[in-house]
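Per-chain numbering from 1; labels A, B, C, D and E assigned in written order.
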Amino acid sequence: MTSVMTFIYPELILVTGALLVLMTGAFGLKRRTIGLIAFLTVLAAALALPGTADVHQIIFSRMLINDVLGLSMRYFILLALGLAVLMAIATSWPDDSDAGEYYFFLLIAAVSMTLAVTAGNLMVIYLTVETLSIVSYLLACFYCKDLFSTEAGLKYFLFGALSTGLMLYGISLAYGIFHSLDLSVIGGVLAAGNVNSLLLITAAVLIFAGLAFKASLVPFHMWVADVYEGAPWPVAAFFSIGPKALGFALMVRIFLSYPAFMHSGWGAVAVFLAIATMTAGNLAAFHQSSVKRVLAFSSVAQAGYIFAGMATGSLGLKAAFFYIVIYAFMNMGAFASAAFLSTGRSTLESFQGLSRRSPSGALIFSIFLLSLAGLPPLAGFLAKFFVVWTALETRHFVLAGAVMANSVIAFFYYLKIIKAMYFDQPSTTEPLSAINIPLTGKLLLVICLLMVIYLGIHPQPVMNILLSVFK
Amino acid sequence: MSEFAFYFIASCLCITAVLSVTVKDVFHSSVWLALSLLFVACLYFYLDAGFLGVIQVLVYVGGIMTLFVFAIMLTSKIGDHSIRQVNHQFWGGLMVAIALFIVLVQVVGGNPLARLHAAGSSTDLKTLGTSLVTTYALPFEYISLLLLAALVGAIVLGKVKK
Amino acid sequence: MVKIAHWIPVFPFLAFWLNMMVGRRLGKGAGYIAVAASALSAVVSFLVFQGLFAGGTSYSLGTWITINGNPITVGIIVDSLTVMMLLVVSVVGTLIQIYSIGYMAEDPRFSRFFAYISLFMACMLGVVLADNLLLLFIFWEGVGLCSCLLVAFWYEKPAAAAAGLKAFITTRVGDTGFLIGILILLASGHSLRFADLGGLPGHDFLMTVAALLIFMGAVGKSAQFPLHVWLPDAMEGPTAVSALIHAATMVAAGVYLVARSYVLFLDHPLALQTVAVIGAISAVMAASIACKMNDIKRVLAYSTMSQLGLMMLGLGVGGYTAGTFHLMTHAFFKALLFLGAGSVIHAVHTQDIREMGGLLNKMKVTGITFIVGSLALAGIMPFAGFWSKDEIFLAISHQGNPVFFFAAALTSFLTAFYMARLIFMTFFGAYRGKHHAHESPAVMTSPLVVLAVFAAGLGFIGSPLCNGVFQHFIEKGDEVVALNYSMVIFSTVLSFSGIALAYAITIRGFALPPAVLSNISWLTRLVENKYYFDELYDFLFVQPFLRLCGAFKRFDALRVDGFVNGVAAFVGALAQVIRKAQTGLVENYLLMQAGGMLLILLTIMGKICRLF
Amino acid sequence: MPSILTLIIFLPLVGALAIAFIPSGREKAIRLTAFAFNAAVLALAGIIVGRFDRSVPGIQFLEHHLWIPQAGIHYTVGIDGISLGLVFLTALLGVIAGLASNGIKTRVKEYFLFYQILMTGMLGTFLALDLVVFYIFWETVLIPMFFLIGIWGGPRREYAAWKFFFYTLAGSVVMLLAILAIFIFIKPHTFNMIALKQLAPQLTGNIQNILFLMFFFAFAIKIPVFPFHTWLPDAHVEAPTPVSVLLAGVLLKMGTYGLLRVCVPYFPLAMQTFAWSLGFLGVINLIYGACAAFAQTDFKKMIAYSSVSHMGFVLLGVAAMNSAGLNGSLLEMFNHGIITGAMFLLVGVIYDRAHTRELSAFGGLSTSMPRYAFFLTFMALASLGLPGLSGFVGEFLSIVGVFSTLPALAVFSAIGLIAVVALFLIVIKKVLWGRAKEGVIWPDMTGIEIAAVLPLVVITLAVGFYPEVILKFQKTAIDILVNFI
Amino acid sequence: MIPLGHFVILSMFIFCIGVFGVLTQRNAIRFLISVELILNAANINLVAFNKYYGSPDGLGQIFALFVIAIAAAASVVGLVLVIAIYRLRKSVFIDDFNLLKW
């Protein structure tokens, strides 16, 4: 039995760490050192996570709940954050100032997310999501001297402001419907029935819009490519994993935990959105010339696959979250290797002939890309495999077909990058410098690589956890 | 009487809100916004949420609007009347907004809660204060974190680097 | 003793590999190896022949393959027909190879030539020995291949290469029929062994079709109408090849096939009738073309076709003995004629008889043996051809169809005419050529002499004078053949009138009145152009095939591939559209977001009630 | 201790790892290592053939482990008469194409890396007995092939690589759907290919038909069946010689192997329903392929299209669904691997000298290159189905098989054979006959080139003379298959 | 007492004005003004519901309080962003910022 305080120890540690890095940053410590502090904070927070879940425990008047989903998602978020911190340490920044602020934002984002996934109250969910958004805007335009970075930040802000506004309005309507924002109360009201469905649908759609914005589903995905492209690499990598997973986790928390929240008409719409998301992501990535943009659109497409798992109902949740875990590793790996291997605007040309300049780098990057594409026996294949499986098992034949058709299209642009690295000659004649990846970067890549290969061959550990989460 | 007050406030609010997004001059538009925010504060008073009304006036009109005006000042030469203030999708945006409104009104019109007349007991300031530090202590504390982050962000972005 | 028969083709086969691998280092030795191998085959054939008197047999060397539970054995059949063919093939083959040592002496690919010849010998002997249709078919294709390779032996000449192709493909058309025939038998669950072909149960019509299809194979191989077009062109090959393959052995294999599966034809009269008709048409048609040919080898080629037609006619009217007898005698005298022609060509370096003349004085041996062969072909008593042809005449008259008899008679007359014309223009009169002609070396002439002896005397074994030894041997019948004097006189008169006409035209310069000539000019044109078969086939098959291929190629590139690339292009274009939707303007994004949300809202609500 | 099959599957992968650790400068060491591993694979294949018990019906050397319990996926490998020949073929062509890889001069290390992975994929496909494992190996083949064509190929290599990849990928995703569907529809759920033999035919009516069509689509692309064949000419033509050999020799067989392994036993009713269509496609393949080949001017493209033609026989044999037909198609698969493999080697030989593949550039090679002439003639004859060489036996059996069930198609295919004959004779005529071009003297085949072709010649001859050499191994397996129908 | 529905409809009107503004304004500051309208619309809802339902712990008002705080934070960040980009691009017009596209 964990006490209320031990329950939020990780968050307290993260907040403490956040303040610590802010201050050490002000004292002018080296960027790497600050990064290390942040990393240790994340590690400590992960160690402080409670070992057991207890749904009936009342934490802060049921503002938070201690269930398996929340617990495992907290682990996941800390994992994603840890990887993002590692990547940030390995990335070379234009200047050394503001390092403290950077990690501060990152840790605040982590706090928001861990609180969001354990939240038992729609108000807390709104507050945390809004905080995450605000911090994300700041992270996106962190290169505030850079035209692209500031533009990305502004676009993210403009898009996010409307999204969270919609969500807030939805929550306010939900308050009108349920007379409460406590999810368990809402669940009770829903279970009792006699809820006017039109208003409920409106509230649900508005809330969904806010979450879909985080998860980057069509038509709430338009910001993704522009923001990722403009944002610093580690930020983009973090965005593609953490907030996205959060969006999906909250969908589970709100809608799938209380199926009555979603009208039965949702089923078809969800399937359509899943198909539209993966198709839009894949097709938009088709002709991109910037690798970063390709990866951005690919992350949209991947969101589509994940949502495909969720669209098949509670059966597909295991598949969807298995996908999310795998996706975290392979996408982080892909972003990281692209970041380390590319120069400048990371055009496709800058990857030409890379296999000769950095054979192992090219190979590792290729493996991540192929895993994203879903090539067996890499982990990405199993992830897709389970999604298609549940789609078929629940007789969503069109969805299954769409996933497969999309994975064919997706192969095209992943292979285009690989083609540039392996088939093409470098476009410039001047000798290009050898590529040096810092040690932390190598560590990050190796972790992701091992996980992508290991989970492709031996997915049992992740699957066992998911089996206990989604019984 | 009270009905009249409500409809007066409501129509003023609507008019000022519409004006705030339609007038040409950005400075005027911020003034209209400030007015509409004041009317919202009036609504709060009307709804027996006096504390909230005060906060609304203090924070919004006193704080946020000042920020807006500062921002308008800082980004000078944008208040020029010759510059178009609406983008190319004016009609599209208008139609979406109108459609949305129609849908929302239909939705709420069909709902029993719309016909709720009897107001419940109003929340007094003491209850508010108590629940803020008991039931809602966590979000209350958390807001501070949010404000801190926003502050730091403002500093990071706002400071002029050499 | 007869169970050593399967060794017969092994010797040439070994010679083939030997020559193929080390032949070039052996020089003349390559030829000796080949000759030795086929001589060995001949010897073993004789041993088998001797053993045959103890009784024929067929035996199996094991199962080659099992088809739907129907085992196909590597079976050897040894009976009188086999032995006759074995002897003909091995003896004629040996003689021709001896001749070739001289004839091909100057050729740079001497060893390759003998390798092919040895392979041919092996396959041909295999054809003869095979006891079932499938095995025969395998060797059958083998001889076809060798024929093709040898026709195109001088592949630098475009005509030779084309002829090789034509030979293979044309015969392949026939073989396709053969194959389908085999398939019908197999699918009907019949054994493919020749011994089991008699009295086949099953659908009569189907079996007739099968027999006809098998005959189609024979038509192709034996250059019968309508698949005869390849044979004249095949004369582009070395003359020794023409003698061995396109006169004596391979082309006769078609006749052999019909004879071998004769019971099948006997059971189905329609098939037998077809054999006769095809034979008759081929005989007359080829003989008529031969009259207008000026190429010595082509005259002989058409003559071969004509004679093969005669054999088919003989078989078709029920003259089993007659057909096989003529097959045997023809092998010898036609080989002789080709070798003789080869000797002449060797001497004068041309094949055009208009550039020859008076060669008898310059090439005594060649000339005399050639004349002997011609007389045998023309069917002059007592040369071999006379007796065998007489047999066929008898068989036809026995069957009693006047059309067939007329065809045979016309063929006989024309044969005498064109052979006489050939002789007169080649060996008599004045020499019209430029090249100094001389007699060929002994290695070439000695086989001529041996063959001439056979051509002169072989007929007697089938004549009433010897009590029809051959007939007894082949048919095991007791029927005594009496000399039919009226027939003898008739055929002799026919032959002599042909010779006389040839003499009148070539030596005496006799010509028909111009009025008559102009009236029959269409006929001469028709004959001169070989009845336009090449043109017809080109128009009917070759050009459409080439056009079809071209059309398929274009279809593949434009339509099939075009569709595939079109799909890719479509996806690409769609992707471009989706990409361009990402305008970079946030207001568009926002509109999309709000509008999209509205649509979702409406869609879900639409499930409950209609709002608008 | 892993079984011999696991060993043979993953040995090339170990080889790839070993090569990965050799510095890329030491080309000779890389070549030697690759050769050693390929030779070891061949030796293992030889041992498997030697220890294979012909009298035992069903799977031998079975290895069965639980792999992903939550998904019911097992690692199951085994071998029977159907896969035995193909495994041997793969191992053999692996060595031979490895020898022919001497012509690869650039980026040798990467080349052999991909080559070895390709080997693992191919062997695994033939040996896997769990549908998911089968699919995994099936897909594994794609990427190395994509690289091998795309990096070391001819002028249009990228187009060809893309086309190959996407065509086959499109097929395999459909197959994945079918694999999952079969799992879901069948009770008890299983991916086990042996168990499915009993279970899958219980599927009824349209489900069986649709699943059959889905699998067939995947296999049809790989085979390739008209109209899904257009990737083949491009891929074969642009790929470097050794890769063409493996493409034609082994990759195409993956499709036909799938037909025999999956379509025939699992969907016998659907097979019966679609037998005529299958046979019809086979005839179209046969005639269309031959005719399209005939019109080509590129030597390699001609051979590539002839593959389309030959695969028609395989399809016909399968459509026959009787002992002769299935035996024939399985044998034809093996033979086609040997013969067309050799043909591509020979095209490579001439390409190395002439640096062109235009038929008009050749002619009269018989004079200057007699050894080459012999091998090319030999293989062309084997290709056109000359009796006595191996090509004939498979084709004949297929036609015999089809004749007893679909006689009209058999007649058409026999007629189509004429086009095949004409095709290869034209090849001989244009390349070997005629006069040599002015000033064109190319050296005859070298020892290593002959060493690569010679084993194929010997096998062609041996199988042609005594087809039981192969047939006896596949007999039991085919009998089981036939009994199944 | 006027029905609750009127409050809700008023809030919805303001909300839609906000959405309209968000969709049509090209000046980033006016965009922010529109966002404020949306947030206030939600607040009207919250307070009205709170009043009509008589919620014991004043959840609606507290939530509205938090929203005001968040609105302040968001405006600060938004305005700082606008100013930051104005420094670089000398523009606050949203449709000028399309370096990142396609």
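The rule we apply is simple: a residue touches a chain if its C-beta (ideal position, glycine included) is under 8 Å from a C-beta of that chain, and two chains touch if they have at least 3 such contacts.
In this text the structure is predicted, and so the values were computed from the model without any measurement.
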| item | value |
| --- | --- |
| Other chains in touch with both chain A and chain C | B, D, E |
| Geometric centre: closest chain by C-alpha means | D |
| Pair of chains with maximal C-beta contact number | B-E |
| Distance-maximising chain from chain C - centres being C-alpha averages | B |
| Relative to chain D, chain with the most remote C-alpha centre | B |
| Geometric centre distance via CA averages, chain D-chain A, whole Å | 44 |
| Distance between the centres, which are taken as Cα means, of chain E and chain C, whole angstrom | 97 |
| Centre-of-Cα separation between chain C and chain B, whole angstrom | 103 |
| Computed distance of Cα centres, chain E from chain A, in Å | 26 |
| Junction residues of chain E - those touching two or more other chains | 8, 15, 18-19, 22-24, 26, 32, 43, 53, 55, 59, 66, 70, 73-74, 77, 81-82, 84, 94-95, 97, 99-102 |
| Numbers and ranges of chain D residues touching at least 2 other chains | 166 |
| Residues of chain A whose C-beta touches two or more other chains | 123, 127, 130, 134, 137-138, 141, 144-145, 154-155, 158, 162, 166, 176, 198, 201-202, 225-226, 288 |
| Touching pairs - complete list by chain label | A-B, A-C, A-D, A-E, B-C, B-E, C-D, C-E |
| Sites on chain C touched by chain A in the complex | 571-572, 574-576, 578-579, 581-582, 584, 586, 588-590, 592-597, 600-601, 603-609 |
| Chain E partner contacts - residues on chain C that touch it in the complex | 579-580, 582-587, 590-591, 594 |
| Chain B-touching residues of chain C, taken from the complex the two chains share | 585, 587-588, 591, 594-595, 598, 601-602, 605, 611 |
| Residues of chain A defined as touching chain B within the complex | 15, 22, 60-61, 63-64, 97-98, 101, 104-105, 108, 111, 115, 123-124, 127-128, 130-131, 134-135, 137-138, 141-142, 144-145, 176-177, 196, 198-199, 201-202 |
| List of chain E residues in touch with chain B within their complex | 1-10, 12-27, 29-30, 32-34, 36-37, 40, 43-44, 47-48, 50-59, 61-62, 64-66, 68-77, 79-84, 86, 91-95 |
